[in-house]
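Given below, in the form of structure tokens, are the structures.
Across the two complexes that follow, subunit A remains constant while its partner is subunit B and subsequently subunit C.
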Partner chain A sequence: MSERLIVIGGGGAGTAASTIAKRANPDMRVAVFSEFPDIAYSPCGIPYAHGREIPEFQNLFLSTVQRYVEDGLEMNMETTVTDIDLDRRTVTARNKHEGFDKLILCTGFHWEQPAVPGANLEGLHYVKDIRRAIEFDKELDSMKRAVIIGGMWLGVEMAGALARRGLEVQFIDEGPWLLSELVDPDVAEPAQEALEKLGVNVRMGTKLLGFAGGPDGRVRAVSTSAGELECDVAVICLHKLPNTSLASSIGLSLGTTGAVVVDDHMRTSAPGVWAAGDVIEVPHGLSMLPISGLTGSHAYSQGRVAGANAAGENRTYDPVWIPWGFMSGDYTIGGFSIGETLAEAMGIPYVVAKGVGVSRARYFPGAARTHVKLIAEPGTLRLIGAQLHGGEGIKERCDFLAFVGKRGATLEDLAWMENIYSPPIGALYEPIQIAAQNGLAEQKARQREAVPA
Partner chain B sequence: MRPQAFDERKRRLRARSEHVLRMAAMDDVARRYPSRTVPSALSHEGPFWRLVFVPLYRRVPWEVKRNAMRKLKMTAQGWPEQSRTFGEPWRPPAGEPLKRPANGSTPRSGA
Partner chain C sequence: MSERLIVIGGGGAGTAASTIAKRANPDMRVAVFSEFPDIAYSPCGIPYAHGREIPEFQNLFLSTVQRYVEDGLEMNMETTVTDIDLDRRTVTARNKHEGFDKLILCTGFHWEQPAVPGANLEGLHYVKDIRRAIEFDKELDSMKRAVIIGGMWLGVEMAGALARRGLEVQFIDEGPWLLSELVDPDVAEPAQEALEKLGVNVRMGTKLLGFAGGPDGRVRAVSTSAGELECDVAVICLHKLPNTSLASSIGLSLGTTGAVVVDDHMRTSAPGVWAAGDVIEVPHGLSMLPISGLTGSHAYSQGRVAGANAAGENRTYDPVWIPWGFMSGDYTIGGFSIGETLAEAMGIPYVVAKGVGVSRARYFPGAARTHVKLIAEPGTLRLIGAQLHGGEGIKERCDFLAFVGKRGATLEDLAWMENIYSPPIGALYEPIQIAAQNGLAEQKARQREAVPA
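And then the complex of A and B:
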């Protein structure tokens, strides 16, 4: 009898792990257990479907459960695994024991819930499951006012989406500027302006005190340090927390983020058990400190590595440099690794190189300003982070900078990089080049100042 | 102390120290961009953390802090060490160079 692999979880990591394992070892019997009815859809697209930029939720589905069955996977949908017995090599689901030889945990995350009065009221919405999102979308038709709580990127996306949908949107966050856990104030400012342009009332430095309910048990207002904000719905967008209940129950090592510890092969502390996605922590390439709650693309890549290794291959996953980016209203912000604030918090010495360029030739219609801020090590001027904002091309630049940062590029390298000049798609001077050149000039000026005349 | 209790303490230590260091950094960065920020409503930790821990942490050079975190096993275990240390010029990652397989195709690695 061939080996049986059980994958728990049908999100990005679980889907990737199961399909890659089957592809790498077609003889292996691969079974997926998911508590949800759907697979292979894009949860990241949900805010844009609410905002009608994506016309139908159906567009978010990339494949069907049947398709995976046809590919030879055993799909156990709406089947929650309640117990794992590592000694007997079984999982329990629907009171039935299922044997396995190898196991991959992709149990994902759950949202942090606010610890304030009224947090259990009806009408508090968390963005996760697509079926719930489709129901919520119908409810939105009869809603007029929404309060978005929490300054992570999903909150910004949801605020923009609900404003586009015509709701009166209040956005509250305790931080001193928008997305203060992620970006620096100079990058946050245009992002906030873009939200305000859509009509979102952004209230930074505002503390959530509680939720007030109506006689029907639904939220009717959000109580804050800036007063009571009446609403039909409150959308909670706090931190992602790893869903480790199964992992803890079998004694897997958890790390300093509270997520499952894995090595570079996605192996957990138990033999024959791998894990991937939002349930694990992986090291940041700069500090080697473990971090968790990354993006869908990280989950997918980790799932691929776990699946390949469970199928007998030998693949490794690198420490992460985290290219990121998203839309705030009609404006794009992005970056990789760290910005000024995080460097300051960690106590990492840094120098800043800033520049502004254009996304196309200056004279070409649609050219947009591209703001680049590079963070580099003093002395070596090696790139350790970046934050960008502007119009088109931000995502590609962030991907590029994360890659060259990981490979050790310096401001000197970037100042003299080659670039494409083609009026509709790129200007003569690449904005990254401009920032690096400015950074070098500033360093030289400082050196001259430091040398006594 | 049981390993689980020790791990839980490490988690709490990390969460709390990250929070106070981030708060202190936000205050400093906000001073640089006064027109773009508002007073934070995030909760402040007690005086020990603000008046003792943050200034002490800031006095210690990053490389010393990194080594200490590694020794305390706060950094990721089971992962190859970085190919270079802080401040050191870039060099190729350690380890065996990629070998071209007999069929001449390009070897694949990573995800």
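And then the complex of A and C:
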């Protein structure tokens, strides 16, 4: 009988792993186990459905379980794997033993819960499962005030969405500025202004102390270092933590981030067991330090690699340079790898190249300022990070910069890049080019100063 | 006395060369000679001002002659250089001799005139000088019918602009499809549809036979292989031809394209004489064959290199990979280097990788299909060209592809590129990635077929 692959988890990594494995080796029997009833929907779209920018939650469903079955996969939905036996090569689900030859763990993440009093009250909402989101969306109709416990970008997206929905929104975050773990203050500033423009009350440097409940056991206020904030709901958007209980139960090595350690083939420490997605950590391309809790597109790519390898291919996954980008209100910010703040924190020496360009010819309607900050290695001036904000094309530029940063591009390369100048779509100078040119000019000026007269 | 640099020409190359030379060597005396009264305006914006997408021609002026004077340049406007004496190191303008130590020729281009009867009639319009454009714009108010003699992208822009302006527009071109010298038929098709959507009557495969004049000596019809087309104006948008008369007069080497030959420092064949912009030819990065008549951003970059070197720096200009992009009606097309048609014509072996993605999450309002075709070298699968159409971010993607194509990126690299997935700005799969993945899958399938069973 042909080999059987079991994939645990039906999120981005799990669906990619199972699909690619079946495609690479059609003879392999591939079974997916998911504790949820749905497959192939977009969790990233949830805030936008709450904000009514996407008209219906149904739009977020991209495929059906039936389609996967038709593609030859065995789909075990709402079926939680409770145990794995590596010696017998079985998993236990619904008290049944299911044999496998190969196993891919894509058990994903759960949200960090705040360690404060009242964290178990009703009315604390976490954005994850789409069915819960659909229920929550109905509840929102009768809600007036929301407090977002910020930190990561989901908080920014949810704050914008609930403000668009018409709620009074308070956004609290302990950091000195918005998204201070990721973005630099100069990028955080316009992002915060954009939230405020939607009516969000942004309270930075504000510590969460606890939640106060009403007689019905539901949250009625959030207590913070800035006082008590009354609310109908508190949305918690802290860190993603890897779901490692199954992994731990079979003794897989966990890393410094607490996530499962894999090699560049997505192999765990146990033979015949791969892992992918939010449950694993992978090395950052610049520092080679492990990181976890990346994006949906990372989960998909890792799933593809794990699936291909479990099916007998030989596919490697490179260290990540993490292009990122999202909208804060109506304003786009993005980047890749590190900014100044993270470089400082990690003790990585750097120089900065900054510039402001426009997204179309400056006289063309719709042209918007695009701010580019490039982070480069001193001396070689190799690109090691970037942060951008404003205008159009942030996503495309950050993808570009991550790709060429990974491959050793320098400020010199970027300063002399060829670019499209066509008034409705691009300006005479590409904003990246302007930043790089400015950076080179500054380096040259410094070298001159450094030479004794 | 300090060295004097004379720059002939006040277009993109000339303004960049003079500005950069002065900045690099403030002691140098830098003089610009231009036959026109204006400096630093955007000729590329002219069609959009005719189409009223840009409300006023004044918006196209980016700076004034006075500003250049304040920056220390000697500006000789409306001053045509009629002669150059390389031995005496003088140019003649307004019957005066002006001495120089170094010279940069940025004499630009003129439009190819059709070699047919009636080509000297009044009412044949060429898009170039902004003052003439402003007059023409007034004349347009009383015009009803225009014939665009197409060929290059300016014709497409002008056809769209005059249709938006409310004229009946006929577009004729001898080629089998729109822009057949540059774009492939699959890209030309939606571009043509977009023009037709604006009401333009596109007549491909239509040969220009001549122009018929009325008793007033103005064009009243264009005779073509498809019959006589009545018109109030004919707009000629054929090829750019280099203005080499001054260059020839001093014996500078001209190349196979008829333009001035320069080395990678923008040096001409005469010592102390540089050239930049539409008057020169430069090697194409892929074929190393010389080409001329590139874009405004190329003219600027070449001008910067020539200016820096004339001022004593040591700056090289790389062979070009030519990212290009523009709008045909409301539709964007773009690419870099070669497409299939050009590869065929040049006898360059290639494989194609094609895919269709979306510019935002597919369920997000405003998401549009983005078609990507990558052209790669067989075997190595190195990227050697691309053509894209539709959606958002075409300009940014083509800049990206030209940059990484130049540096040896392969389909494999692009298939596994990291990308931003955030519903309002980017989809789960980047369109470039989809095309590359498809291309790899096809190559793999072919290899399998090629192996005897």
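Keep this in mind: the second predicted complex is superposed on the first by the 453 of 453 C-alpha atoms of A that agree within 3 Å, B and C clash if a C-alpha of one lies under 4 Å from a C-alpha of the other, contacts with A are read in each partner's own complex, and residues count from 1 in each chain.
Heads up, the rule we're going with is that a residue touches a chain if its C-beta (ideal position, glycine included) is under 8 Å from a C-beta of that chain, and two chains touch if they have at least 3 such contacts.
Every value quoted in this text rests on a predicted model; they were computed, and no experiment measured them.
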item: Partner chain(s) touched by A:349 [first = subunit B, second = subunit C, both, neither]; value: first
item: Which superposed partner A:78 touches (first subunit B, second subunit C, both, neither); value: neither
item: Which of subunit B and subunit C A:44 touches, first, second, both or neither; value: second
item: Subunit B versus subunit C as contact partner of A:318, first or second or both or neither; value: both
item: Touching partner for A:407 - first (subunit B), second (subunit C), both, neither; value: both
item: First, second, both or neither for A:301, with subunit B first and subunit C second; value: both
item: Contacts of A:254 with subunit B and subunit C, given as first, second, both or neither; value: first
item: Residues of subunit A at both interfaces, subunit B in one complex, subunit C in the other; value: 301, 318, 407, 409
item: Footprint of subunit A on subunit C - complex, ascending; value: 12, 42, 44-45, 48, 53-54, 59-60, 62, 295-298, 300-301, 318, 320-327, 332, 334, 361-365, 392-400, 402-404, 407, 409, 413, 416-426, 428-430
item: Residue numbers on subunit B that touch subunit A, as the complex places them; value: 7, 10-11, 14, 18, 21-22, 24-26, 28-30, 32-33, 36-42, 57-58, 60, 62, 65-66, 69-70, 74-82, 84, 86-91, 109-111
item: Subunit B partner contacts - residues on subunit A that touch it in the complex; value: 174-177, 180-181, 184-186, 188-189, 204-207, 225, 253-258, 261-264, 267, 281-283, 285, 287-290, 301-302, 304-305, 315-319, 340-342, 344-349, 377, 379-380, 382, 407-410
